[in-house]
Amino acid sequence: IGPAYLKTAEESNHSRSSEVTKLLSQRRLPDHGWSDVHIQLFLSELAAMDSNNFLHNAGVGEREARIYNDLVRKRHFGFGHGIGRAGDIAAVQPKAAGSSLILQLTNYMVRDALQIAGIKAAKHCLCLPMATGMAMATVLQALKKQRPSARKVIWTRVDQKSCLKSILTVGCEPIIVNNKIQDDEVITDVEGLEQALLDSDLNDVLCVVTTTSCFAPRAPDAIVKVARLCRQKCVPHIVNNAYGLQSRRCANLLSEASATGRVDVFVQSTDKNFMVPVGGSIIASSSPEVLDIVRSDYPGRASMAPILDMFITLLSMGRTGYQNLLKEREELFSYFRDRLRQVAESFGERLLNTKGNLISAAITLDKASNPTELGSMLFARCVSGTRVVVPHGEKNVCGHTFLGYGSHGFPTPYLSAACAIGATKKDIIVFIDRLEHVLSHEYAKPVNRSPSSEFELV
Amino acid sequence: IGPAYLKTAEESNHSRSSEVTKLLSQRRLPDHGWSDVHIQLFLSELAAMDSNNFLHNAGVGEREARIYNDLVRKRHFGFGHGIGRAGDIAAVQPKAAGSSLILQLTNYMVRDALQIAGIKAAKHCLCLPMATGMAMATVLQALKKQRPSARKVIWTRVDQKSCLKSILTVGCEPIIVNNKIQDDEVITDVEGLEQALLDSDLNDVLCVVTTTSCFAPRAPDAIVKVARLCRQKCVPHIVNNAYGLQSRRCANLLSEASATGRVDVFVQSTDKNFMVPVGGSIIASSSPEVLDIVRSDYPGRASMAPILDMFITLLSMGRTGYQNLLKEREELFSYFRDRLRQVAESFGERLLNTKGNLISAAITLDKASNPTELGSMLFARCVSGTRVVVPHGEKNVCGHTFLGYGSHGFPTPYLSAACAIGATKKDIIVFIDRLEHVLSHEYAKPVNRSPSSEFELV
Amino acid sequence: IGPAYLKTAEESNHSRSSEVTKLLSQRRLPDHGWSDVHIQLFLSELAAMDSNNFLHNAGVGEREARIYNDLVRKRHFGFGHGIGRAGDIAAVQPKAAGSSLILQLTNYMVRDALQIAGIKAAKHCLCLPMATGMAMATVLQALKKQRPSARKVIWTRVDQKSCLKSILTVGCEPIIVNNKIQDDEVITDVEGLEQALLDSDLNDVLCVVTTTSCFAPRAPDAIVKVARLCRQKCVPHIVNNAYGLQSRRCANLLSEASATGRVDVFVQSTDKNFMVPVGGSIIASSSPEVLDIVRSDYPGRASMAPILDMFITLLSMGRTGYQNLLKEREELFSYFRDRLRQVAESFGERLLNTKGNLISAAITLDKASNPTELGSMLFARCVSGTRVVVPHGEKNVCGHTFLGYGSHGFPTPYLSAACAIGATKKDIIVFIDRLEHVLSHEYAKPVNRSPSSEFELV
Amino acid sequence: IGPAYLKTAEESNHSRSSEVTKLLSQRRLPDHGWSDVHIQLFLSELAAMDSNNFLHNAGVGEREARIYNDLVRKRHFGFGHGIGRAGDIAAVQPKAAGSSLILQLTNYMVRDALQIAGIKAAKHCLCLPMATGMAMATVLQALKKQRPSARKVIWTRVDQKSCLKSILTVGCEPIIVNNKIQDDEVITDVEGLEQALLDSDLNDVLCVVTTTSCFAPRAPDAIVKVARLCRQKCVPHIVNNAYGLQSRRCANLLSEASATGRVDVFVQSTDKNFMVPVGGSIIASSSPEVLDIVRSDYPGRASMAPILDMFITLLSMGRTGYQNLLKEREELFSYFRDRLRQVAESFGERLLNTKGNLISAAITLDKASNPTELGSMLFARCVSGTRVVVPHGEKNVCGHTFLGYGSHGFPTPYLSAACAIGATKKDIIVFIDRLEHVLSHEYAKPVNRSPSSEFELV
């Protein structure tokens, strides 16, 4: 091969190596996303650092990362040791230098991503191989180390089972603070929460749990005010920010709450924010204490799969790719809400005025004769993700009674939908089209509201 | 294409379909392993059943299993929804019929595999996307639902941090029963354990935890006797059977213990028993109660990756493949132990007589001048998995004091190694060769035993 | 799984199956591209129809499509039998019904794609596992069956070795018709070609070979006029339409030439027109004769890889995807030519007025002191694909003498570049930027044109 | 990560690099096969050297190796430029340093493999991206450059169309030398061949073509004697050694023929000898002349896929892996022939005594009432690769008349099968079992030989 051409190839190789070096030294997202060819190469280099891939390895332990099936080996790029050691889920594994490096780099890149999303308080981040609900439970478990006698969790109501169960799983008792309705929005009853604190023996309160990201018409909680209360009362405050990373508003709330009040840990989903398969979460904080307990209390090892998905995805997005995704979602959300308003009004319904929620939106279904049917009609037409809620009576969930469960406390029937990261204009157009189709079918019938039960598609 | 040839292709296709039907109806391992081509086809069919892969889907939820990067999408075969729902980790997901089916089939095949391995008591099985340590913690957490006031766990000592930490993580206090030495073996002090039960308020005892699989010279616990004690005292009994599936002896012990005493749950690792990457475990029982609590208490969703690895691997092994692996390991173990004895004796040491442990073996290092160096010398020569233990003094581990930690209580220095499932004759030969090399280097020096600390490579 | 959800999954599966049925019955590109998940599933289904993937196959032939390495097996999705049989490269293989089906469907979809691109004459198409040059040779070889005594090929000069060599390879002698310059364009000397026909014993002329797609300032040949001449003289006419599919102008020329004159076969590259790796070509015709000779004369089997690449790519593009690519390229080409004009004029050079060539464009380098350096400077800056040509003296190529080889006959130095299918706006912007950089470096020096040799980067 | 462990990872990485260096400098098969993880890493490194994978590339040529579909990109590991340049199929591509390196290394490793197989004469080797038949045609085409006026090919009859067609494709006329029967074997009629040479104007003879590997009862040609004749007469000699690499006997014949007579080129299949998908071949010689013509006459580029398959496979086998495959096949062949003899004799038939053919074997079907049915019955039972031949009358094949076509000239019905490289004991056992089944069904009927036509399954 001619030396001139080889030189260009070598220079290209050199510029690739310097991207790797930059990643290792700067410990943040690359400015521009890497191509799959380069990611694959880097993964292969890292896999070759794990002992199971050593050229002349002889394994005589009980765990040697042998992989029986080749489809399995290839889907894990040769990594088999998982992450963590007996002592610490973020600990380096002597046998698996490559896997260990991936875990560390992922945590660094995740921190950078949270800051790009606008959460300045994200000074310490841990990417965990468990989804949001289990991550919440793990954080609560860790708080119990700090407050061994506390057993109560003050929780602003959000009608998803997962968060409630994370409280119950660790053996705590939730004190449920019901929401208020203001205009069309379901918002935090800050006074009610303050009263709950006053009514409790604070030594008995493990923490306050609030939620930023949820389906309209519920708004993000008033976490700035709650954070100030928590600081005042010296009570820990955990924020369930499940898919809030994609909303600048949630990010700003978190930043302000952390700066002016108390936020101990905020928890994010990886799949909802970064378009990876379900299975990971990110716990973050402005201080390392709780995260250190979480990492060092984890018993044994864990799957590396959710970490590896994030590692690949973040390298692939790069800083600009991620910024563009956030920006495009915001722009698309305006379009989404406008179209939803039009279709609602054309059927004599209206868009709920939920200006605090910049991810999802909801329309009234006041005139529908049989609103609960709408959800299944939409799913049958390959629209996934809408929620049709018809509040009614009381329901017992995990031993606790909720009025109009599924509605977060909103009194009348509605349909909500979200415009989440990665949604395309085509998704929105197809959805609106099918929604119109379904509504026109429904609204031809005489309106005959039945007080039937909530209907949740997802 | 000529009709005769097409007919043969169709018949082959038909015989493939009937394999799928058989799997769905018989719910156990296929008799013979499937080829990767067939597994890939089945996975593709299943993936097409998940809503994110529907041809004309429009997603307007907050979680739509969008996958940003193509390497990530392909490694998950298009699956993105994970497993579980808010209510139950084994629940069916409406949006993900394919993923849900994989989870169910995996649980059925896992149960079959445990029975093939000889554990007749494995009537109910749950494959969990968390490694053994976390699975132990989850089981203990579930027991706390049944015995809310109990906080103590009686635990036969085994010097691995993971199990100890699973007890601590859930907020329990371990009552440690030290082992006895009998001949060369570290065995259960059944009388000590009985005394511990007598000394406790039984209402305060959450359970007894024993271990079957561990490194020589520790033997599997006397779980038959312990199970009888537990039945007598009405105390739950959890068995950590981490990699015991590969030993017919451990399987028989479990069967007998379950038949004649009380074993509530036994916990197995997927990576150690089935050669998949770290990240999964199997909890099994002869009755469904505890498993039901575990599945329904899990807060939210979880990664499907460890389940999918097992699904592929079990289809790929088939019944005969798995049986052969078990058989080959047993045969290789005899060879391994014989070679280890030879090399030990040639250096004036001896093989410890640990006839109860049929997975690992150990040799004395009584004459080594600097035994702790041997482990690192072996690792530097690409031998992974040996343990060199030099017992000495007391050590505080997670707030508990152990004499000679790392040795399970054995008094003199030794080197142990395992012949685990999937190990090849080449592994053993290379190991023995490098061990001889390292020993000959060490034993040329004058013997000068230093009372240095334990050394653990892994 | 709830029957409602399963029903939706089944309906989705059904709509997928109906896409397959449609493909098999309509035999053209799907309207919309298929997702990779669906393509993978279809490939798996097809692979399972080949005997090497039969569940219980026992192979005792000399060719059983056994595949040693798993990376190799997976990259071919389990296909191993290649295409063709002793008798015919397009023949069905009894042992490989799936592979055979792929070949047939690819040929149908390719025909549809050519018609979408605007070539109405593409009534018969054959996708061959050999690149354009070898395909040209194969076509010439086939013509020799029809005209056994003919040994001369009248060829309008194009300065690429591949076409010239395809004539020589089959043992023919080229009669080279030099081009004319008209304004800035290098065009067909139709009179010269007519003269060459008059000068020859027509029984001795195998065919006329013209070229549509080539680098500016050469224009596509005047194939309409040539086709009329060939019809008049009863001489076969082969058109090298290597990458002409992406230009509506080339497609129109071919349609008109076929309708009003004689075009026996036109040959296209798969990689240049459909963005697959190098290795395939498409030969097409309005009548089946020559194609039938090509297919039935091929000795033995051939690689299926280039066919499979096309199969996947065409399913993935679909009709609308392909149409969009064609449209986007045309739009981008205008931008590309405008930017090139600007940068040329800013350095006192000019864009050559080559309005007949709608894929590439060229600028003069009249004032460059050392034009040949520019190409290597651009490649060193990771710009690939430009050609810097400095015509000079005579050159002997494969035994034939060309004046100013590399320039197609153009008299002064120039730089040409293309805007081919799949190029992005970013490609163009980066190219223009680096070109300006390189020119500004070059043009600072005093102009000192050296009559050095041509420089070709590619 | 602790420095000690990192050091071991680095040393492992270093030992990997030194394997690469060794490959580049020694230019032969690695002693031991590489793991897929290491092969994947090396491929990724090489792919990053091709311009289409440069980090900041801007492509403005007409061929930029853009790849539309991601399944396609991944199956080619990012390689897109194919092999060869206008001038030479083995030429280095400036834009594709990685691809070019793979081609060179493959040719070196292939040469080594041929020598390992025992062909000392394989001093020059070229791995071509075309199957055996087309490679034969290409070699004949190249010979025509050396002997422009020669048009006749003396060919020892072998009843496969592919070789005959390769002669016809290049416009030559075959002079067919029929075989002799000696005992049970179909062997070369050396006297007949000598007479054919005497009868011809030697200037008119392009070459003699013989065959080593073919189905029993045909034996490998007497190539040593033929080679001596060719040397004597100064006539080129081409050996079709399609799958002869796997037989030490064929290798020895080639070595001796080359040493004591004239063998210009011998041609091998890649799929039949190295278990890769159909599509490649190896042409080899003790001198470079013909190979140089082949490589430099190839018009344009070609698919890299068959080369890449060989590259991966040879790295994966390594020297010892390949030697073991050869050895295992030989051992299995004895078993295969013994079993075939037993089953034949149990039905009153006998194994043909074809001691010269060490790859396939044949049994008589003298007593079968309807022998032609047996082949389709076997295929319907998923036995592929057997040939049932019932010689009868004359048949015209490609314009030439053959007596008893399909039998190579053997007079009575037989069934043949092969034990080729990669066959497993299970293949043989299943085959024998189904053969017995089919024969027992057939032989229950009264014997009633019908002079029906040949039946070829493959």
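Order of writing sets the chain letters: A, B, C and D. Residues in each chain are counted from 1.
Keep in mind that, in the parts below, a contact is a pair of C-beta atoms (placed from the backbone, for glycine too) under 8 Å apart; a residue touches a chain by one contact, two chains touch by 3 or more.
Values in this document were obtained by computation on a predicted structure and should not be read as measured data.
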Chain copies touching (chain C, chain D) - same or different residues, decided at half shared: same
Centroid-based (C-alpha) most distant chain relative to chain B: C
Distance between chain centroids, defined by C-alpha means - chain C, chain D (Å): 31
Rounded Å distance, chain B centre to chain C centre (Cα mean): 57
Multi-partner residues of chain B (at least 2 other chains): 4-5, 8, 12, 36, 40, 51, 54-57, 70, 74, 77, 94-95, 379, 382
Touch-based graph of the chains, sorted into line, ring, star, complete or other: complete
Interfacial residue positions of chain D with respect to chain A in the complex: 1-2, 4-6, 8-9, 12-13, 15-16, 19, 35-38, 40-41, 44-45, 47-51, 53-57, 70, 73-74, 77-78, 92, 94-95, 97-98, 100-101
Residues on chain C engaged by chain D in the complex (per definition of touch): 36, 39-40, 51, 54-72, 75-77, 79-83, 86-87, 94-95, 129-134, 136-137, 141, 144, 148, 160-163, 165-166, 168-171, 213, 215, 242-243, 269, 271-272, 274-280, 297-306, 309, 312-313, 316-317, 359-360, 379, 382-387, 417-423, 426-428, 430-431, 434, 457-458
Of chain C, residues touching chain A in the complex: 4-5, 7-8, 11-12, 70, 74, 376, 379-380, 382
